[in-house]
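Look at the two complexes coming up: chain A is in both, with chain B in one and chain C in the other.
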Partner chain A sequence: MQNDFNVFRRLNFWVSSSENKFKWLLLLPTIIVLALITVYPVIYALNLALSDYNLARASETLQGYIGLDNFRAILRNPQFWNSLKVTGIFTVVAVGVEFFLGLAIALILQGIVTNRVVRSLVLLPMIMAPIVVGLAWTYLYQSEFGLVTYILRSLHLMSYQTAPLASVSSALPALIAVDIWEWTPFLIMVLLAGLEALPTAPYEAAKIDKASPFLVFRKITIPLLRPVILIVLVLRIMDAIRVFDIVYALTEGGPASATDVLSMFIYRNAFYLWDIGKASAISFILLYIIMIVSVILVNLLSRVKEAS
Partner chain B sequence: MRKSCLLSLILAFGLILAFNSIAFGWSLEEAAKPYAGTTLRFITETTPPSYWIEEALPEFEEATGIKVIVERQAHPHLEEKALMDFAAGTGIYDVFNFDYSWTGKYVKAGYIVPLEPFMNNPELADPNNNLDDFYSRMWEGTMWDGKAYGYPFDSVIQYLFWNKKIFDDHGVAGPPKTPDEWMESMQKLNNPPQLYGTGMMAKRHLSIVCEWLCLLWAHQGKLWDDNYQITLNNENGVKATEFYKKMAEYAPSGVTTWTWDDVNTALQQGRVAQSVQWDENYGSMEDPEESAVVGQMRYAPVPSYGDPVSHYGGSSLGIPTSSKNKEAAFLFIQWATSYDIQLRGVGKGSSPTRRSIYQIPELREKYPSFVATDAAADTTGWRPRIPEWDAMVEVLALELNSVIAGTKTAEEALNTSAEEIDSILTEAGYK
Partner chain C sequence: MEKNRNRVIIASIVIGIVLVVNILPFLWLVLTSLKTRLDIFAIPPKFIFDPTLKNYVSAFTKRDFLPMFYNSLIIAVSSTLLSLVVGTLGAYSLARFKIFGDKHISFWILSTRMFPPIVLVIPFFIMATQMGLHDSRFLMVIVYTTFNLPFVVWIMRSFFEDLPFDLEKAAMVDGYSRWDAFWKVALPLSAPGLFTTAILCFIFSWNEFLFANVLTAANAKTVPVGIRGLVTSRAIEWGEIAAVGTLQVLPVLIFTFAAQRYIIRGLTLGAVKG
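On to the complex of A and B.
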């Protein structure tokens, strides 16, 4: 019997081991592809970030490995700190407004808009390529003939001496407005889906207890919706921190440094100055920022899930 | 008598044969035979001459059997694409349209080859191609350490475009000769939002640096002296920059986002009475399909306190070191910059680099810009050609744009620029 048991165990080991091997074999193509398209570029970029590498200079004039010099130079550059500030303002304001607007519209549309065509239309700005969005808004903000410029001037919200993208004070709000226009539908749709998936029992109980709509919203809707809210916020914040397309299409970081977000700063170093080493180093800083913010939000999300 | 007649006839016949063998011994068709079937990739800027070459290309392809793929890119993207290819040595591109201010950078990095080996090869070089016909400044722009790295392709000289009809209608005498007259004309012509006194290319971009350089030179300023001591922030530099800032009062509100493209549209639509602009756009002013100012535009040097001021911004066609089709590329460059192609493209986008074309009386009559370009071409001012210029453009573009956007005074912006440019020059070993 003991022998039989040992034989069974040995057999089981071999079966499970070969099963494991088979699992790994199945995973191998994905791992190889992921390594090629993710891990290798990251390692390569790290190597660049630690090197003196400039496309426009002869290879014999480059110093090769320079340790953290690129990072030191960036941290000493006031333009980097300005970019960080601009990116922060852009992210907080854009995502903040998108969230409140998205939630408000989702609450209004809940149970009203079920038509698929209408839902698809709401998604239209989000489906458009960001560079197309940027170009379209370039015309809307055009200083002479732009529709938005015309409306703002007609409403006396903007003088004839300035234009949305031409002034240091209005250029960043103008960019934020484009981002809100483009991404609020995403929040509407996700939050609407979240709202429609909420259990009905708590609401029925609240109805019996004659709870006010505001109390229902604060005590039932928001807590139940919190996981969905955190997921959309993580996605949007990560996206907003690395915004590039609309900034590039509309202002290229100007006027002065008013809209010089981090991605634009990276682009300028890489493709105006050809300093790939520094551009890679800034990209890593951006990556760390996104990672830290994401980790905080994901931790928050898991705590919320545990609590619920 | 008969003998001497016969001798004369034989001599004349011999001379004709000899002449024919020199003048007609070379043909593009014959020279291209070994390269028939080759495909060239030509990377160029989205400028009028590039469009003209694309239009004329079937002639070249038919004559040579060489296929040419033209890739047009906006100014910054042209370098982006080209540098990626050159640095990786992939050899995608065979012909490269490069700005003269890039010459040093590309030569020092070993990315483009000198043309002498091809120019001295009788099988490739057209003996009738008169290289002395290129304006000296434009030829000089292709040279580095005494070697030619390209043939001048696009003239591109920046000077004042002024709308004679608008000036006349408002009783303003033109063109302005001095900065004071210029400012006065802007004030008199400014009638927003229908008409503005001037256009400006004041975006945080190379365009603002180019335009400001004209102003700096007009005020007798310089970036640095012969010993690389910075002078851009001296009294003349400050005056020039304050003048530039003052211009913005008579320009459309959006000029902090404008480049040369926006200036061109505004000039074409008659929204601005005058502006500094590149001469290669002369054709677009006379195109009735897109211009509302046909026959109205005139051209003059940038008003100056000294000698006439203009700014050269031209480009040449060269061969990347990584190209695998250098001989065929040379034949294409020779054809694209030839007298015949440049002449036939006048009015269709061609921006000739050959003196003889600008001196044709009928063309001078039809295109007033030809007189201005011809007068400016040999002595026009130019920006530094050192490889570090890109970094300086970045500094100047930000600082000058800050002045127009109102976040810095002229003095503050120039002092910051001077400090940063000085450190770039010092780091690069110029001083």
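On to the complex of A and C.
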């Protein structure tokens, strides 16, 4: 009964205190608006995912509520497993390369590059509209007159029979390269900000002890930087899993599904095939994957925060 | 000393390479926008040529990019304002008061920010069609608020938490109401944060493609959708893509420069104070 009493007291406090009314008055608009524009559509989408809903078929032929049939059909579809694989490879390789490249460059630039103009220019790729990034690179990768294609051929790294986006083996690496171009600057700038905010005392102590640079890096820099590293990885991984714009601009999932990431696969099912029910079901699987990944990463993050 | 000079030299070389790699694709876009059709298709690619503004002229005469820029502007500004007004209040509440379940509320707000747009675009498409809102600017403002509002709450909360509470307390001792302490003390002091937040919301909306591509057709069509529309099965209008792409990036570039000080903090949702 102790618990009930607490709830009562809390309720009583809530009604009586004007401070409490004030704080809820400020917060309620956010909660209501978000509930209306995100929670409601998601519930609506769940309803679609459990229905036979296809805009390409006559409405008399549709079966309405079909339970988990859409999910069963997807799990049997090899195209879905291909998309899952492509999204996985894209996320791991792109974010992995961006992170190590970003960390290396941030360590080199630390304390040296402070110019505002330079810093703004470094940010250029990530502030461009992703669809423009995608189209700009489509042009660079173009099979006859693309600048990157031309350079690759001049260096004998690519034959005249093929182009970066034309072959199954090179399309995904070419796509990943665009993501690396777009997002490495973000990693550089965030890690640089993290490095510059580190306390100086441990480094001075290490200097007195004549510790090697590698030991300082491993025993001081990395542990102190870990919260920043985790945050930036969370943000990048979430973005990479849901990547769409650059894929749509560069390949639309092709050639032969080589770059068919999950968002593209869902988009095709929904707006080319008009199979809204199935597309919603896949989007819930994507949402589920993102939730699991984020819970793991956020747990990791809070454990690191407690430790430090 | 010797060692330090070497480091500066290495860092200068690295930043040089980074800048060239960063800027070259954008520079190439700008150069392409100034080329004639003949120069665009030249092999090997040309760096030196007679510039022309033909692509810019035809984008606004042959095609209707002017209304699209207008749509993009109206939608981005409206969604930014709506999110700022609603979200700043929520952010202040979460930053200043203990709230029953505030951790869960914050996490829920953050999770809506992490939502893949492809999950929301399908129900929005069906609902908008049924309600007759498809291809309207109003719909796009609402849709963009789904990602702008959680963003405003998270980042403004971090800015409010940075302000010492004592200032508001002192104001209240002097007879300010709770609202005045927020409105006349906390809000003006977090103006730089508010400014950065507004700029980032604007950029997110201005650059957004997926929602706009599905939910607009003619009336509310935005610039990113229009640019992609220049890729057709018959031909790809590279010159016009480059011209409109350049114009689309220009305001973003200027804004980024203006908000540069807090932009990393904004893009990490307030977690990294660059």
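Note that the second predicted complex is superposed on the first by the 285 of 308 C-alpha atoms of A that agree within 3 Å, B and C clash if a C-alpha of one lies under 4 Å from a C-alpha of the other, contacts with A are read in each partner's own complex, and residues count from 1 in each chain.
Here is the rule we go by: contacts are C-beta pairs under 8 Å (C-beta built on N, C-alpha and C of every residue); 3 or more make two chains touch, one makes a residue touch a chain.
Everything numeric in this text was worked out from a predicted model, so none of it was measured.
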{"item": "Which of chain B and chain C A:Ser143 touches, first, second, both or neither", "value": "first"}
{"item": "Chain B versus chain C as contact partner of A:Val92, first or second or both or neither", "value": "neither"}
{"item": "Touching partner for A:Ala45 - first (chain B), second (chain C), both, neither", "value": "second"}
{"item": "Partner chain(s) touched by A:Ala163 [first = chain B, second = chain C, both, neither]", "value": "first"}
{"item": "First, second, both or neither for A:Pro255, with chain B first and chain C second", "value": "first"}
{"item": "Broader residue contact with chain A after superposition on the shared chain, chain B or chain C", "value": "C"}
{"item": "Partner chain(s) touched by A:Val232 [first = chain B, second = chain C, both, neither]", "value": "second"}
{"item": "Partner chain in contact with A:Ile222 - chain B first, chain C second, else both or neither", "value": "neither"}
{"item": "Chain B versus chain C as contact partner of A:Tyr272, first or second or both or neither", "value": "first"}
{"item": "Partner chain(s) touched by A:Leu68 [first = chain B, second = chain C, both, neither]", "value": "neither"}
{"item": "Chain A positions touched by chain B in one structure and by chain C in the second", "value": "144, 271"}
{"item": "Sites on chain A touched by chain B in the complex", "value": "55-58, 61, 79, 142-144, 160-163, 165-168, 251-258, 268, 271-274"}
{"item": "Chain B - residues contacting chain A, complex", "value": "76, 79-80, 83-84, 87, 105, 108-110, 192-193, 203-205, 252-257, 266, 271, 387, 390-391, 393-394, 398, 401-402, 404-408"}
{"item": "Parts of chain C lying in touch with chain A, wherever the complex brings them together", "value": "7-8, 10-12, 14-15, 18-19, 21-23, 25-26, 28-29, 32, 40-45, 86-87, 89-90, 92-94, 96-97, 99-100, 105, 108-109, 111-112, 114-127, 142-143, 145-146, 149-150, 153, 178-179, 203, 206-207, 209-210, 213-214, 224, 227-228, 231, 238, 241-242, 245, 248-249, 252-253, 256-257, 260, 263-265, 267-269, 271-274"}
{"item": "Residues of chain A that touch chain C when the two form their complex", "value": "10, 14, 18-20, 22-24, 26-27, 29-31, 33-34, 37-38, 41-42, 44-45, 48, 105, 108-109, 112-113, 116-133, 135-140, 144-147, 150, 181, 185-186, 188-190, 192-194, 196-197, 227-228, 231-232, 235, 238, 241-242, 244-245, 248-249, 262-263, 266-267, 270-271, 276, 279-280, 283-284, 286-287, 290-291, 294"}
